[in-house]
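Have a look at the structure below, then the notes.
As written, the chain order gives the labels A, B, C, D and E, with residue 1 at the start of each chain.
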Amino acid sequence: MLHMEGVHAHYGHIHALRGVDVTVQVGEIVTLIGANGAGKSTLMMSLFGKPGASSGRIVFDGEDITRVPSHLISRRGIAIVPEGRRIFPRMTVLENLLMGTAFADPANFNADIKRVYAMFPILEERASQRAGTLSGGEQQMLAIGRALMSRPKLLLLDEPSLGLAPIYIKRIFQIVRELNTEHGMTVLLVEQNAHHALRVAHRGYVLQHGEIVLAGTGQELLASEEVRAAYLEGGH
Amino acid sequence: MSAVIIARHARTPAERFKDAAWVAFIALLLGIPMVGLTTVDEGGALTVQTRFGMLGAFVGASFVGRFIFRWIIDMVRNRRAAKPAVAKADRTPQAVKVIGWAVLGASIALPIVFSDNRYVIDTATTVLIYVMLGWGLNVVVGLAGLLDLGYVAFYAVGAYTYALLFSHFGWTFWEALLVAGAMAAAFGILLGYPILRLRGDYLAIVTLGFGEIIRVILVNWTELSNGPNGIGSIPRPTLFGLPFERNPAEGTQSFATFFGLEFSGMHRIVFLYYLILVLALLTNVFVARLRKLPVGRAWEALREDEIACKAMGMNVTNVKLSAFAIGAMLGGFAGVFFAARQGFISPESFTFTESATILAIVVLGGMGSQLGVVLAALVLVLLPELGRNFSEYRMLLFGTAMVLIMVWKPGGLLASREPTIRLKQAAIKGGEA
Amino acid sequence: DLTVAIAGPMTGQYASAGDQIRRGAEMAIADINAKGGVLGQKLKLEVGDDACDPKQAVSVANTMVNKKIVFMHGHWCSSSTIPASEVYAEADIPMATVSTNPQVTERGLKNIFRIMGRDDQQGMVAGGYIADKFKGKKVAVLDDKSAYGKGLADEMAKAMTAKGLKPTLRESITAGEKDYSGIVTKLKQAGVEVLAYGGYHTEVALILRQAQQAGLKLTVMGGDTMTNSELVTAAGAAADNVMFTFSPDPRKNPDAAPIVKRFRDAKVEPEGYVMYAYAAMQLFADAATQAKSTKYADLEKTLRGGNFKTVIGDLAFDAKGDQKQPGFVVYQWKGGQYDYAAK
Amino acid sequence: MSAATLLSVESLTMRFGGLTAIDDLSVSVPAGKITAIIGPNGAGKTTFFNCLTGFYKPTTGSVRLVHPRKGEMRLETMTGHRVARDAQVVRTFQNIRLFPKMTVLENLIVAQHNFLQKASGFSLAGIFRLPSYRTAEAAALKKAAHWLERLGLTDIADVAAGDLPYGTQRRIEIARALCVDPVLLCLDEPAAGLNPRESAELNTLLLSLCREEGIAILLIEHDMSVVMNVSDHICVLNYGRKIAEGTPEEIRNDPQVIKAYLGEDDEETASGEKAA
Amino acid sequence: MAYALQQLINGLTLGAVYGLIAIGYTMVYGIIGMINFAHGDIFMVSAFIAVTAFTLLAAFDITSLPLALTAVLITAIFFTSAYGWAVERMAYRPLRGSTRLAPLISAIGMSIFLQNMVQLTQGARVKPIPPVLEGGIEIWQSGGFTVQISWTQIMIVVVTIALMVGFTWLITQTAFGRQQRACEQDSTMTALLGINVDRTISATFMLGAALAAVAGVMVTVYYGVVDFFIGFVAGIKAFTAAVLGGIGSLPGAMLGGLIIGLIEAFWAAYLSPEYKDVATFAILILVLMFRPSGLLGRPEVEKV
């Protein structure tokens, strides 16, 4: 479904991605792990051309989308929960959710919003509160909810568990699994919480200094010595 | 957000043609009501006149212009893309230093080279006034990040303080200079106080309003300011008491008689030039040092994140007021000099346009950059001057240039920010000591 | 070649005045050159734009000094003329100005000659006329807070009061606005019939229009700026009630008739400052010819002592540089033309 | 509680319109210990911090700080910068708030503003570069260098803070707060965005700050590997109320906390924690 | 009393004019988060277009008032929108993503350009049109003073209110309005959600220009005289109005406009006209001291 070939990306003079190859098959959950600043978020954003790939190719659903303008990407069925949530602070919760439906079928709206409210009941309670005044975790839920409103084929999650209470973290991974199995949604996931991530993921990549250094199934990576040493274990 | 320019595929001639045709179409739309049609006054009533020839020429010119422009841009871009991107970041500080010294050298040498060209020296003096104003406003806008659209008010306060101190008490330039600076600073605080809580555009409009209030008061309070008639015969600064006059008063000496020179109007012009150069350099050193002091860093921190400043225990009120006060003081100094140079001031010199120009200098210079202000002041003062040859097209070209320069360099002419302190240098210095 | 210059607002709010000056001067230069120039040399014209900004005026002055001009006609705004004249004085350049602010000639500068009356003289004539003509009527004195307008309005009020007619209202407005319904209502409330106005024609046109809408019939007395035919275009029929003071109309000067015709042929109405600019150039040519020199000292002496025939009549100057017989006359607009008002 | 009370919060309430974010909350924070505040999203933890540090004015209630040198202070009456400057209660933010265009070092120097400003004689001594100011500046630099070293930021000291990755920014924020010399350090989710290894490093840091420097820490965190490992005392909020309080062990097994916060089936977290 | 009533009518009309321009300001503010300094000049351009259109219609002997007015409005809106589009394309779009102040300066440059362009192509002289809509209603007569309200005044107030209501609905209730606000708050995220940011911004500028066009036509009809300088004063007053009411709030812009109109009318009527601008700005400062985000602006609560 998604295929990245030798993608490079820059922020001014910072070379953030150095030739990344990533493939995501239909119906898969793929996770990216890597240290701080490895370029995980950059990789996700580069799908949308922000920053754009300075060389390499990105193919989605058989189409080259490397140079497609940002706003046309999501219309092809990709949605993102970006790093830092990026909710619209001066809009209400409901309006934020509506923003997620800009190109969705209006007929689905009621079902979709019910689903989101069912996942995160607090959002329903706060539907007319300004999103900027939500608590950190509530904002995270809103960002996830907003991404789900467009029924994407491919869902990009950049640290979805950030700032969520443990009980919700469990919920999130459950939801991810559910979306994947029941709705066939393909998911690309970035997580610091590598345990959780690798456990739900079919496959994973390890990113280091803008390069893929390791790839394998979730279980393989979980078992890998290097991964354990670098990302899973915290020496006391 | 900076992103590298993606090497686009080269445009085909057909694409260029289409692009130029689109521009020509827009030109046609814009041109019909303004170029193609005009109303003229005939016998007390308007009639419409058509100028289709002119419209055609305008549209044609847009087409050709766009075609060629696009072509050149593409060529330049391709060439740039072909070259590997070199990390310029490290070179910039040195380049800035070199340019800085070169500009300083040039400004010292200028009156010597153009010793009999009063226009050049006088224009250079104007540039320096704007440089000084730019540096003053830079404190408020560039460093502290407070948008001030009424900076001209402080300039006016400085100028009028001197003019009034002279006309009522006979104070000289040098005596009035500090008092006027202090007065302007006081006005800065006066303005700063009520608007501490405001942000962005709210701040902008209030400062703009403040500038207008000062101007309207100057216009109307005739008893104080002599209203629209302005205040004239303001004395020129003297060189240690030596005036620059053709006929000094009985029993005194003038610059020319003291040095046994023949009187020349140029002496004063050159003196004024060097005077403002010295004032400007002092301002520069002053602001540059402030930037490396706690206040300076506090200003920048304030610009970046006011809430974080509070969380660090910083008294945001004081930081803001100090920025306003110091910015205003520098504006006041410039005002005193302006009054002394012109010899005549009236409210017309302190309009919003002036504030806008100074702000443009700061932004165009690259917010916070000292040398940037110099370059921007040069550009913005010289452009309309050079435009004098185009008489009525002058301001049209000026406006166009302003847009183009901003588009060409959105971050300003010199956008890089030099840290106020570095760990490495500091460590080395500390090691040596 | 001899370089002479004009300066004024070629851009900005008052650009239409600058335009008049330029047209007049261009025509004059062409005419003078066609007759062989001055002292055998052709004249070359430099145009300076100060946009009525004092700072730019100084800059223009310096440019002109650099261009070694021998004569300057300008600037237009008093606030520009005043600082700029100091530069010309220092550089020994004689100048003829139409700025009417008394200050212009009150500073002891030797190089400045005013070919127009002063605000105080103008105000005196206008104020006197009002006092005589509209005795017993309610008169409001209004100005636009410009140096020119305020000076004129003050003088009108003074002259009226001196002749026993006290203004009912004394107010100021802000030039450049569009809505004067507030002041119009105020005039209506006070029952004002005559408006003595110091300022430019643009505002008068608007006031008249809005007065008409409010059902208020106003007679206006203004200064030389009311010569601009824009007033009629903008105010329509209401302009018929506008009177103003101006020097005896150069267009009525029989000697000027051919020149007036030449202007009209060139599609330039010789209104406002057009003829003055023409006259300024004539003044220079005449003075240089009489002095047989273009040196400052000679020119200055000649200008101060001599008598010069121009399209705006004979010019002679007093010690300050003011015109000896400014001779303001009251005019009235009628059907799109202005003519001497009934005495 | 064995240690002396540093901060005691009594019946604190904070309302936003109709919404009660904190409801009659009383908490006391011992000196020299790490106290964690946990609770589900929207429980009012950040709001609690905001009330302590002068960003919100609580609707009712009192916040008393017993400053080791300056005596008792009422934080709820102090506005904005005073809490940090006078009471030395310093916080970090849930959404990182650095000075992004300034370098990491500058961020840390700005944190010492009050000290430096005084030393610079409100700029007068500074502008002439008097020795008194130069020594003060050197001292400030030394302190900054110390914390940079402790948090492993020395290499990037001269890089603009905004260009750095998320996890690094979190550490910078902590380093910056430490430069203010806090007696009470309030950290709002310091481990968010850190990977398990980095979280573990954070644990070490927090423990050493508390044990070696004697800084009391108030910690909001959802990462149980941090909370359970470093806290001396945990206070659990839900809907602005305190629902439980105690040692990590007690909290871990509190049925109410499990229900509202930790989640019933603890299999995944538990194993995650073990690994951590 | 009658006098006060008349001044009230004057003030309200003037206020409505300011409000109408201010709505345009606020619309554009709502999307770029920055005051558009060229807005006043776009308004001026539209006034010139209106003058040309009126004169043309008169030349073709089209005298039916509703027909003429509609034709002029449509023409003005059409061409002025093109100007709005072009201004955005030239002075704003290339600066997307740079510092907030860069577009402010390029807009000031644009404003200088437009002013001088009109001066050059249309001349520096004022352009008058004959009265379009004459007459009105006499409301009240007292002590020889007739209180009048003209049709034009009624038209201006009605049009302004209608536009305010319409556009408020557009911004707060429609998807387009939402997308617009989203662009201002986070344009990158908006694009990630599939919205064409450039097109949304262009459309908003065109709408803003259309509002300016309506204002331009109204002013031309009301005052009958335009010149190339009218954009400046009107722009500053409308800017003030927008801020006083709370930028971003359309009813606020309207309210701000009305308040300023009333202050001007009554200050000039009963106190000194000289200081009416001082009064306006002083009241602005006072209001902002107590309500830092304007009268109807939503206070900017920044949750930390």
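By definition in this document, contacts are C-beta pairs under 8 Å (C-beta built on N, C-alpha and C of every residue); 3 or more make two chains touch, one makes a residue touch a chain.
Every value quoted in this text rests on a predicted model; they were computed, and no experiment measured them.
Shared contact partners of chain C and chain D are B, E.
In this assembly, C is the chain whose CA centroid lies farthest from the centroid of chain D. Here the chain at the heart of the shown protein, by mean C-alpha position, is B.
For chain pairs A-D and D-E, the one joined by more C-beta pairs in contact is A-D.
Note: centroid distance chain B to chain C, computed from Cα atoms, is 34 Å.
Look at where the CA atoms of chain B average out and do the same for chain E: the two points lie 29 Å apart. Chain C has its Cα centroid 74 Å from the Cα centroid of chain A.
The set of chain D residues touching two or more other chains comprises 46, 55, 93-95, 97. The multi-chain contact residues of chain C, meaning those touching 2 or more other chains, are 11-12, 15, 145, 172, 230, 233, 236. Residue positions 116, 119, 123, 125, 128, 130, 188, 274, 277, 302-304 of chain E are each in touch with at least two other chains.
Chain E meets chain B in the complex at residues 29, 33-35, 45, 48-49, 51-52, 55-56, 59, 75, 79, 82-83, 85-86, 90-91, 94-95, 97-106, 108-123, 125, 127-130, 188, 236, 239-240, 243, 247, 272, 274-275, 277-278, 280-282, 284-286, 288-289, 292-294, 300, 302, 304.
Within the complex, the chain B residues that touch chain C are 41, 43-46, 117-120, 122-123, 126, 219-220, 227-230, 232-233, 265, 338, 342-346, 348-349, 385, 388, 391-392, 394-395.
Residues of chain D that touch chain B in their complex: 53-55, 80-86, 88, 90-91, 93, 97-103, 105-106, 109-111, 113-114, 116-117, 120, 122-123, 126-127, 129, 138, 141, 144-145, 148, 154, 157-158, 160, 176-177, 180.
Across the interface of their complex, chain B is touched by residues 10-12, 15, 47-49, 51-55, 58-60, 62-63, 65-66, 77-79, 82-83, 86, 90-91, 101, 103, 107, 145-147, 149-151, 172, 229-230, 232-233, 236, 336 of chain C. Against chain E, in their complex, chain A makes its touches with residues 48, 50, 69-75, 80, 82, 86, 88-91, 95, 98-100, 102-103, 130, 132-134, 146, 150.
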